[in-house]
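Next up: the structures, one after another.
Here subunit A shows up in two complexes: once beside subunit B, once beside subunit C.
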Partner chain A sequence: MIRHTEEKKTKALLSGRAGSILVAAGLIALFAYAAFTFLGMRNFEAVPLGSGVTRTGLLSEYFPALKGSAGDTEVFYLEGSEPGETVLCLGGVHPNEPSGVVAATLLVENAQVKTGKLIVVPHSNASAFSYSTPGEATPMSFTIKTDWGEQEFRYGSRLTNPIHQFPDPDVYVHYPSGQLMSGNETRNLDRSFPGNPKGGLTEKVAYAITEMVKKEGIGLVIDMHEARLMNPIVNCIITPERALTLSSLAQMDLESSTKEPWHLEPSPTKMFGMTHRGLTDATDALAVLMETGNPAMDYPRGPTTEKLIVEGKDEFYALAASRGLLYVPYSEKGLPLQHRVARQLAGADKLIRVFAELSETGDSIVVEGIPSYEDVETYGIGHFILKPQQER
Partner chain B sequence: MSSRQGFYRCIPFMALLLAASVAWAVPSGSAAPNAGTPVFVTTAGQSADAHAVKLLLDRSKIASGYDAVAEADKISGSKTLFLVMGGSSKGLGAAGMNENDEIVRVTRVLEKAKKENIYIVGIHIGGESRRGALSAKFIDLVAPQCSYIIVKQDGNKDGYFTKLGAKIKIPVTVIDETLDLVSIFKTMFAVK
Partner chain C sequence: MSQTVHTLLTLASMFLVFIITTRTLKLPPAFGMLFGALCGAIVAGQGIALRHLIEGGFMYFDVVMVIITASIFMRLWSKSGGLNVFVRDLIRWFSWSPSLLLILLMFVMMLPAALTGSGTAAIMAAGSLVATVLEKMGLPKKNIVGFIAMGAVFGLVAPPINIPAMIISTGINMPYDGFFGPLLILSLPLGAAAALLIGRKHIGKSLNTSVLLSTVQGETPRLGSFGAYIPLLSVIVIMILQRAFPRHFPQIGNTMVFVIGSIVAAALSKKLMLIDTIRSTLSDSIGVCCLLIAVGSIVQVMTLTGVRGLLVVTTISAPLTLLFVLLFLGLPLSGCVLGTYGAASVFGIPFMLALLGRNPIIATAGISLIAGLATLTPPTALDGRAAMLVVKYEGSYSEVLKTMAVPAIAADIVGTLFVIFASSLSWLIL
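Coming up: the complex of A and B.
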């Protein structure tokens, strides 16, 4: 009887152990898959070089301490045959705002510079592309159908990866203003300008970009962002006082040519860290920031899926729009990425043209080949995406 | 031909179209806009739209002064005051003031304009994004005090300005886009 009971106990123990082993194995497999997927985010898509690209480089060339770090990122130069003004376009300062990333990529792949120089940084905060926002259940990438197949784009986070910059302070003290912000803003590239060579990774990236603006003699910086639909600062150009004439002329022309709402937002003089403020104060450049409305960013939304990012349709936004709660026009067509990228490219094109018109010579920078608003809306983003030839 | 040259060439045609739209928008029985120069432009809410209005006055060769944070004394001697309505939290921050400071400033400017019999024109070109709670404070303050209102159509989807115009019997012109202001200004100030 005793022996029989012990056998039962042994069997139960063994069966329990087998179960535990199975569970452990399952968990290990799950963790391995998650780790593999997570680490895979560190390798994001290479940008195919358009025929207008004359050379590529790294951001660390302007601040060598960044070399080899997760903050280093690729810089694309499109130079004309005639010297002139230099314009910098930034995408991916916030990698969860994809219209700027895709628009910057399309500039690299399509723009042709006749006079002057266009510099493009599509993944400005490279570290923040290496993970998705914890707790937000956002997809890690989204896919655009092209004329030759599909192109995947990384969908990252607003802030630098905490693996690369840890821990956050209780209070972030912006350098050099001393302005206090919440601790996690220490990893927000758009709160770090003009940067600090002795600061955290994010401040170092900002410092490298500021150095680039100074060393390249950049006259105009266009930073492409997206915003929440319930935020009044959307569909706009945020402009410092020095760029008010440029931005006003561009805004009126854009409103007329696209038949879309565009408005201006002044850059607060006492709110530090953002590109439009930090670069304007620290350099001779005019730095402006454009915002389109991203349905994957505000909270009255359903699941955050690739479809939402690309098609921009959500029944809850439709309801919110019907109650007048949104600051952007929102119809049954939603706010597709195609439309948002069309706006970014139209805005960049117009700002560059007006910037050239306002210059003493009137043709200080001439950029052709930027996909037009009408063409992007008609043919889609994919029509303008080049097929990657090889891994670089 | 540059796009800007093209724009200038379109001005006569746009002027004709917009003169027609002004005439259409003026409620029957009320006088057509009657404004003189010099014009002074300031904001009501610190949006950057006032600067765009100033640029278009310059383009139209209409003498004007501009100060986003003008105090009442600065409008003395003006014949017409353009108050460009629209609240901007970033703009208030840029001007180093809060909404209450701005309400007090605009109230003083309005009082001065009334006292000196300056023709007050309210302009709203910020569209839907300048019809939120912050903007409403400035619109409610300024619009009922105006002798004439110009509003871009996407800022008047609810008919607020046109209904107000009918109620207080002032002309209201609804425009499609900001650039339409050029023709309105030329009509208002009889500039060729």
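Coming up: the complex of A and C.
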């Protein structure tokens, strides 16, 4: 029996001068500790520049209103000696989906462009890297063992930090479609495309990326994500109708070369805001999205630890898989990050190759040096991570 | 030790510590939850997990802000005399039919929740005035709490804004579109029935208008009767403008709406006691706010330690028949810790994913109704407690639950039937 008087007890416990001072002191200590811990997430890990990087810039160069804000982020350009098509790879649109972030980082560190241009944004929603979602208990970072030591990567949130964009409306009205979504989606970068220059921070970031696609004449956008294992849209390439030929050819080749399932999912025509829909509708680019399965995202997961993110092993998922509840193959090996990154890189490599083949100008973009599916599975992610301050 | 056994031990330790602290040591539930969370983290090998206890406390930050600002608004409006004028007019206009007045009061209760998607915000915005009229009509306080809490539940389910349905829709990559018809059918008839079930037997066939009016005397705000309505209208108008012109009117959120309403109410008050009013309001609402912060902390630790995963995987791996039973019983009961949004998020999405063969809009609408009931489940019982707060009811919450039992169980049955027969009900989608 729950009595209202219990609330009185709470108040009584907090009342009285000595009690107040004690509680205030305790709270100050806790807040100081919390502030110190949480502010640590604002320190970005430096992305070492591979020898293929010809220059770096900021997203705000495409939308100056973003300059100095928490939404501004680093852009890496890898340009070939011959002009050609331009491809954009996005990681960290959702910072709690690490295979995309790590894969984008490995592109910056390893790719060599011979013809055309590759642009990479590893931390697309920079603000969302600066905190973790209350209630989700995710680690603030995870560590990858490398040939030279350990590299730490931050594990952020799906949504823009509410400190940078507050408050959420009751209902998020997508611009310009007018589609309604739950209010917190107003901070979801992958529900904000093509963006709004007069909107909130997240819509401004989406707008800057859309402007980049337009101004750079980008022909292909590859957005690397992860999904829950119980989500049917996983292990897949989401493709708008205009990119169907490209995605179908890539998917067939990938299934053959990796011996892994690669589903082709049509981009919903009436669900707006996602990169593949927003950028395809608003620009001339073909925008596709790849999803791998992240065990640290779904509800049936066991303890939420760094180990779960990196090794992907969990007894509860094995149970869920045995009951046919998962949409990804889940063996006793789990779903290690290494495997998920290998898929992302294989997918990006194949999409770029098929895009080049379909180009009217022939080999319009040639990118080499992307770690292969087999090599990442054999040698691990760490083998391809450069030491900070060290350039190959 | 296997992961399952270790997680079960963690869950048992959390439960045990909660029971010891609340029953033996007689601490409030909020402290019981915090100590339970602390113990769970230690047993799970996560140490004191201070970062998680603090971070989890922010899970319901928005709701806490709305509760505080809406309470201040209602208190200022009430002190200005505006509430009295509103209640007098309501009695004058509709006292000729007590049953109709009951149903209209239920719809008045539901309206702010339907517009904001938040039952708590609705209780804080309209609960006091509805309670005042119900009291004059002769309803016992426990029935008034039940009436208001059920209004909040049916209001948060009603269209156009149903946050649980939006959460589930987002979780299964489905646009929040086509829900108006199913949600209207789910909410309005049940709301009207609940009003009569809870209140009808306590009122006579007719009401004595003059006697009722004589009990509602007091201060009149600046600008007289017109001034009484300005604060409430300002809140409602801003809410409507946000919804009607989303691209042109700033989306300021419920917290700011109630802050603006409070400023308007204070400006129209002849005797302004702003600081005292805010202080007393904060003092009254701190219990609910502490509880919400503690719930956030314990949910975060449950997630950290795998307890949440164990509960979810056990639920969704059940056979179909058992799945419906769990939907009917487990989803509302999960609100004891998770609340409505948490229940929709943690269990609603997996339920919906396990039932994808059915019409997803109808099934989601049904699940959202059941998830709505989760806000009444003790010990959290967010909207139940918020209703107790505005009614100033100090009795047992179990007595309130008895008054809500029939309409709540009816809603649970209707919601479950919506899910079971979702494909046959697809004609409800407008």
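Just so it is clear, the second predicted complex is superposed on the first by the 359 of 392 C-alpha atoms of A that agree within 3 Å, B and C clash if a C-alpha of one lies under 4 Å from a C-alpha of the other, contacts with A are read in each partner's own complex, and residues count from 1 in each chain.
We adopt the following convention: a contact is a pair of C-beta atoms (placed from the backbone, for glycine too) under 8 Å apart; a residue touches a chain by one contact, two chains touch by 3 or more.
As the structure is a computational prediction, the values presented were derived from the model and not from experiment.
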First (subunit B), second (subunit C), both or neither touched by A:S132: second
Subunit B versus subunit C as contact partner of A:Y379, first or second or both or neither: neither
Contacts of A:Y33 with subunit B and subunit C, given as first, second, both or neither: second
First, second, both or neither for A:W148, with subunit B first and subunit C second: neither
Subunit B versus subunit C as contact partner of A:M271, first or second or both or neither: both
Partner chain(s) touched by A:P232 [first = subunit B, second = subunit C, both, neither]: both
First, second, both or neither for A:D314, with subunit B first and subunit C second: second
Of subunit C and subunit B, partner touching more subunit A residues: C
Subunit B and subunit C contact sites that coincide on subunit A, given as residue numbers: 232-233, 268, 270-271
Partner subunit A, residues of subunit B touching it in the complex: 2-4, 46-49, 51-52, 55-56, 88-91, 93-96, 126-130, 132, 134, 154, 177-179
Complex contact set, residues of subunit A against subunit B: 232-236, 238-239, 241, 244-245, 247-249, 251-253, 255-256, 259, 261, 263-271, 327-329, 353, 357
Subunit A residues touching subunit C - in the complex, by the definition given at the top: 1-11, 13-14, 30-31, 33-34, 37-38, 132, 134-137, 162, 167-171, 173, 175, 178-183, 185-186, 230-233, 268, 270-271, 299-304, 314-316, 319-320, 323, 325
Subunit A contact footprint on subunit C (complex, rising order): 2-4, 7, 26-31, 44, 46, 50-52, 54-59, 61-62, 65, 115-118, 160-161, 163, 166-167, 169-170, 172-177, 239, 242-243, 246-247, 251-256, 283, 286-288, 290-291, 296, 299-301, 303-306, 308-310, 312-313, 316-317, 342, 346-347, 349-350, 353-354, 356, 378-379, 381, 385, 388, 393-398
